[in-house]
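Below you'll find the structure I mean.
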Amino acid sequence: MIKIAICGGSGYTGAELLRILSGHSEVEITAVTSEKSAGKRVTDLFPHLHKYSYLIYEPLDKEKILNKADVFFMALPHAASQEAVDYFFKNGKKVIDLSADYRLSDVAVYEEWYKTPHNYADTLKNAVYGLPELHREKIKKSSLIANPGCYPTSAILGLYPAIKEGIIDIETIVVDSKSGTSGAGRKADVGFSYCEVNEGFKAYGIAVHRHTPEIEQELSGIAGKKITINFTPHLVPMDRGIISTMYGKMVKKIDTTAILDIYKKYYDTEPFVNVLDEGVYPNAKNVRGSNFVEIGLKVNKRTNTLIIVSAIDNLVKGASGQAVQNMNIIMGIKETTSLESLAVFP
Amino acid sequence: MIKIAICGGSGYTGAELLRILSGHSEVEITAVTSEKSAGKRVTDLFPHLHKYSYLIYEPLDKEKILNKADVFFMALPHAASQEAVDYFFKNGKKVIDLSADYRLSDVAVYEEWYKTPHNYADTLKNAVYGLPELHREKIKKSSLIANPGCYPTSAILGLYPAIKEGIIDIETIVVDSKSGTSGAGRKADVGFSYCEVNEGFKAYGIAVHRHTPEIEQELSGIAGKKITINFTPHLVPMDRGIISTMYGKMVKKIDTTAILDIYKKYYDTEPFVNVLDEGVYPNAKNVRGSNFVEIGLKVNKRTNTLIIVSAIDNLVKGASGQAVQNMNIIMGIKETTSLESLAVFP
Amino acid sequence: MIKIAICGGSGYTGAELLRILSGHSEVEITAVTSEKSAGKRVTDLFPHLHKYSYLIYEPLDKEKILNKADVFFMALPHAASQEAVDYFFKNGKKVIDLSADYRLSDVAVYEEWYKTPHNYADTLKNAVYGLPELHREKIKKSSLIANPGCYPTSAILGLYPAIKEGIIDIETIVVDSKSGTSGAGRKADVGFSYCEVNEGFKAYGIAVHRHTPEIEQELSGIAGKKITINFTPHLVPMDRGIISTMYGKMVKKIDTTAILDIYKKYYDTEPFVNVLDEGVYPNAKNVRGSNFVEIGLKVNKRTNTLIIVSAIDNLVKGASGQAVQNMNIIMGIKETTSLESLAVFP
Amino acid sequence: MIKIAICGGSGYTGAELLRILSGHSEVEITAVTSEKSAGKRVTDLFPHLHKYSYLIYEPLDKEKILNKADVFFMALPHAASQEAVDYFFKNGKKVIDLSADYRLSDVAVYEEWYKTPHNYADTLKNAVYGLPELHREKIKKSSLIANPGCYPTSAILGLYPAIKEGIIDIETIVVDSKSGTSGAGRKADVGFSYCEVNEGFKAYGIAVHRHTPEIEQELSGIAGKKITINFTPHLVPMDRGIISTMYGKMVKKIDTTAILDIYKKYYDTEPFVNVLDEGVYPNAKNVRGSNFVEIGLKVNKRTNTLIIVSAIDNLVKGASGQAVQNMNIIMGIKETTSLESLAVFP
């Protein structure tokens, strides 16, 4: 059995890791940390995780926890993750970091957007951006996975074939994303209280959201040249799910059917990406609780624009599910293990 | 007292007219029609309208109803509205049509998007597009008001100053709109049942939604040349509200503050449009149940793009509230009468 | 114009007072206090209250505020309200207290359930429990109104005629109540965050909720002997609304129709209580945003039990609306002023 | 591999059977029927079931389908199920009926509550009420399982130990239940449209709901004498979940702790029933998407009443999950197979 530690296990991504791994036949959870909830049982915070009645949150004492596990899932806040990731990685452990600390390969870009220094530039060089659909071969050989952000996962998978095939003008990309509220994490904040979110809808972080450079980095990698995008996140009154609606002016004459064929070819062997038939569009509800991605698209001939829509569950393919997928890959386990559950609908 | 008939009063816009007019001191409701609910009391369908316990739905018998009222609110389905509007208008009544039948001044455009002939081109010439912020003077003199669609209201008010002032490139406009479910009307349809909508989010009608030509007509009028846009509507799991997020490449060097100043000047005397301060963005929740509009915006300097966000209640400013506003204008009543209620929050 | 101060105006009941009073022709708001938000504009917290752009929160400095207003609405937390109420009352002001501090006439009962001393027993004697349907004549003559709790309003109005007429066995009363989330107030608390409340449903405070003695006090007053009840509150994933389902074994042979007749007679002249026809039951949605109450009932002949259901909006008839109703009564204004808006549905 | 047919597979319980069985290692789905959707793919109705892209709905032709499967899950409407169940049962198949047709052992009671004749009284005698916690041994030997209703599952499991141990007066039982909207099934009905359900809460079917005799039958069986109850269902604006709050006057002197000990002993070996610690109460959210049951309770000493709360997912333990549990039992498979997933939270 592979021994697993979850550092920062009192938030939604930590709880979701536990939920997903509860059906994994080849792992056991040996430690889960939380500073604020140290001493409490996991089930005190999350009664639905009753299978883990034996698990007690402990403070993150790196030396103490080092030998307890083979794989470390790091679900710490940004910046806080840097040092702990570095420590476990340098001590020969497999590390899957769900924070943003090792996602941006350019330290300067990280520091500009996250307003904090990055003190582990050397370790950063070893990190692989953990989007299997783009980087599976690199992930296989890596011990340090920077697990992608939720919005970036939805945007990059949606735009990948269109950019790679040169279908759209990379100067015109708009990513208009809508996320369920769990994306904000588990916290006491009036702004995310039920009565403020329910029956409301709003944009936030317009032009300044930190997932912007992450999306740009990967799209630029695909295109082979620098891409700058418009990215606008919105808050949806639902628990889970991200829908990204993406726009790009077309530079090739090609119709919806033909683009769908290209997309289907790109994602044909991908276990978690479903390209929908013409006229069918993604719904966050169809992927809720699952690691699956839905992608649909349409050419607007009147404006010569390609419109792509993708749907993921932000806590699964957008976080903990993708983290487990990465773990399966780096540990040589069947990639889909414990990730095949269909969405809970309705 | 002005006598009011509501034709097609068993849907949400009909009920909303009754709700709003219940606080109007200068009107009385003398007839309300519904084919399907004829013979039923209004309160059988809508217990919350208990003040109207005397009102019984009757079938729409034009001759019979003609002399019952001075003002006719037409909340009939598209196409069905054409003839009845023509009839009441030609018989000298004031008509406010909430359907799309008299919104598009070009019959050919109407017929292309609505797939049905328009048989009253002559009457159509008398119709004024009932967006007071753009056409107040024309509305004053008109007896036939084509009340704007919900999405168009949100999009046009959001883009008006930016287009009028030549701030954005009119070839690059994206309108990404999100609507609460009441926009679909009151109907028995699995696709709009609670369990299908709740905890879901999806785009629909991509590149083919019928509100597209309506938005384009008004934006073209503002610009003085033909505008074609990308318009994508989405369904939000909430009852009411539309948020439109709009993008346009900038053709002028101007910053957020300066554009906000322009917007505030444009809407300074408008009783229902609130331009928000820099850094504050609209929320559907802030206008719920009210006739108010919120507009916020931000320049993305990295992409040289203006991003504008607007919020309305689709049933009020996007339908019945605006209809009452138009009635107030054409009847010479204070424009804000019975429309000053603040949003119900939370 | 009557000058109004709202003490504790940064919560939902404070904001709701402002919303309701915005349509009141005979008042002006002259002060609104908040310790935490002192110095902020009301619109910083509540953009939907844009009509009050001039209002700035100030700390509650009793001496300073005393002469600013004629009527003081007190929306402070329990215990914190005691002294301030006493001060304004003793200085000759009209006081409407939305806290629980002056609702329980027996100091010992208050101290047992609220675990805090009551230091103003003398002032307490002057307080009238502000449920107009029961105590209108006393309210008229009073300057200190203890505005009822939300659950008690729904329970007492539902049970009043049945107890008064001796229809049910007062030893068997069950009040099973369900409240929207705004009942918990506006606060940063993980337990009331969107993701914890949405798609959930739970009972809380079983057998220990503080509204129990308040319901019992009023029911006992109606019966003329001591009543003890089972009261179980539940949290519903919606913003507003309380539904109380009440059970009592019947001690009279009487059918549903006859009991409805009695209820209709009791509430016939009440402007805000609607007794529904046989077979029709209340829905929280039908009263949302309004001061109205819906009551429906049914005799279960198989078990010889009367089941009564009532619906109110917890923030309106259950708090701020009732407070304004009380103000209208004590100030000799028409009781329904600014309270006649119908529910916002859907 | 066990071959499975699902008769009536286009509703939510049918879809949920497919979802749950998608993770079952010992079964394959060989047929799924629907009259209305015959010829359509399962994925046309339910995109989230993409693993079943090969499955096409067929009409229910009994002769044709008979040899296609070993186990028949019947998810047909009440009354429609009678004949088909009889047919498959008499032809030697294992039948698990999710309708109410074989739940009530007394034909007269069935006919009174369902207003339709029961034409298969002989087959009815072979049916076992499929609540494993009460009837596991009988289920093991049976080929015809009447899968319990959702409300009855929640009520019976909540009351079982209290009644069996003679703790409560069986003349005083109140079951106040609250269900998510999926309990109403997948249908086009204005009353269950999003805008009518969302932000609403109501009781329905007071004193006349058809699950009443089913609960009474099982409780009477436990008590060894006839029990009549008050049962009131309510509609909650959420997709899934039932919370039942139950009341019974106590006839024994015993405290909360001691009753919890009894409950824990009763359910100790049950794989799906979790009795919560003192002071902790069930939440529908903690069991969503899972086959688990939460039970909590409290003695109200002031009224000498026991209050019990239970939570289930109506589509899982309240329908399709319990059906699979029954299948596992009758087929000699490990009872928990494909049912161990934890709840999807949040």
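The letters A, B, C and D name the chains in turn, as written, and every chain counts its residues from 1.
One rule holds for everything that comes next: a contact is a pair of C-beta atoms (placed from the backbone, for glycine too) under 8 Å apart; a residue touches a chain by one contact, two chains touch by 3 or more.
As the structure is a prediction and not an experimental result, all values here were calculated from the model.
K.L.:
When you check each chain against chain B and chain C, which touch both of them?
P.N.:
A chain counts here if it touches both chain B and chain C, which gives A, D.
K.L.:
What's the farthest chain from chain C if centres are computed as the mean of the Cα atoms?
P.N.:
Measuring from the centre of chain C, the most distant chain centre belongs to A.
K.L.:
Between chain A and chain D, what distance separates the C-alpha centroids? Give it in angstrom.
P.N.:
36
K.L.:
When the centre of a chain is set as the mean of its C-alpha atoms, what distance in Å lies between chain B and chain D?
P.N.:
The computed centroid separation for chain B versus chain D comes out at 45 Å.
K.L.:
What is the distance in Å between the mean C-alpha positions of chain A and chain B?
P.N.:
Chain centroid spacing, chain A to chain B, equals 38 Å.
K.L.:
Could you say which residues in chain A touch two or more other chains, in rising order?
P.N.:
Residues 12, 182, 195-196, 198-199, 237-240, 283, 285-286, 288, 346 of chain A each touch two or more of the other chains.
K.L.:
List the residues on chain A that touch chain B in their complex, please.
P.N.:
Contact set of chain A toward chain B: 172, 174, 176, 178, 180, 195-196, 198-204, 206-207, 228-230, 232, 234, 236-241, 243, 245, 247, 249, 281-286, 288, 298-303, 305, 307, 309, 311, 346.
K.L.:
Provide the residue numbers of chain B that touch chain C in the complex, in ascending order.
P.N.:
12, 15, 19, 22-23, 46-51, 182, 199, 239-240, 274, 276, 280, 283, 285-290, 292, 294, 340-346
K.L.:
In the complex, go through chain A and note every residue touching chain C.
P.N.:
For this pair, the touching residues of chain A are 12, 181-182, 186-190, 192-199, 237-239.
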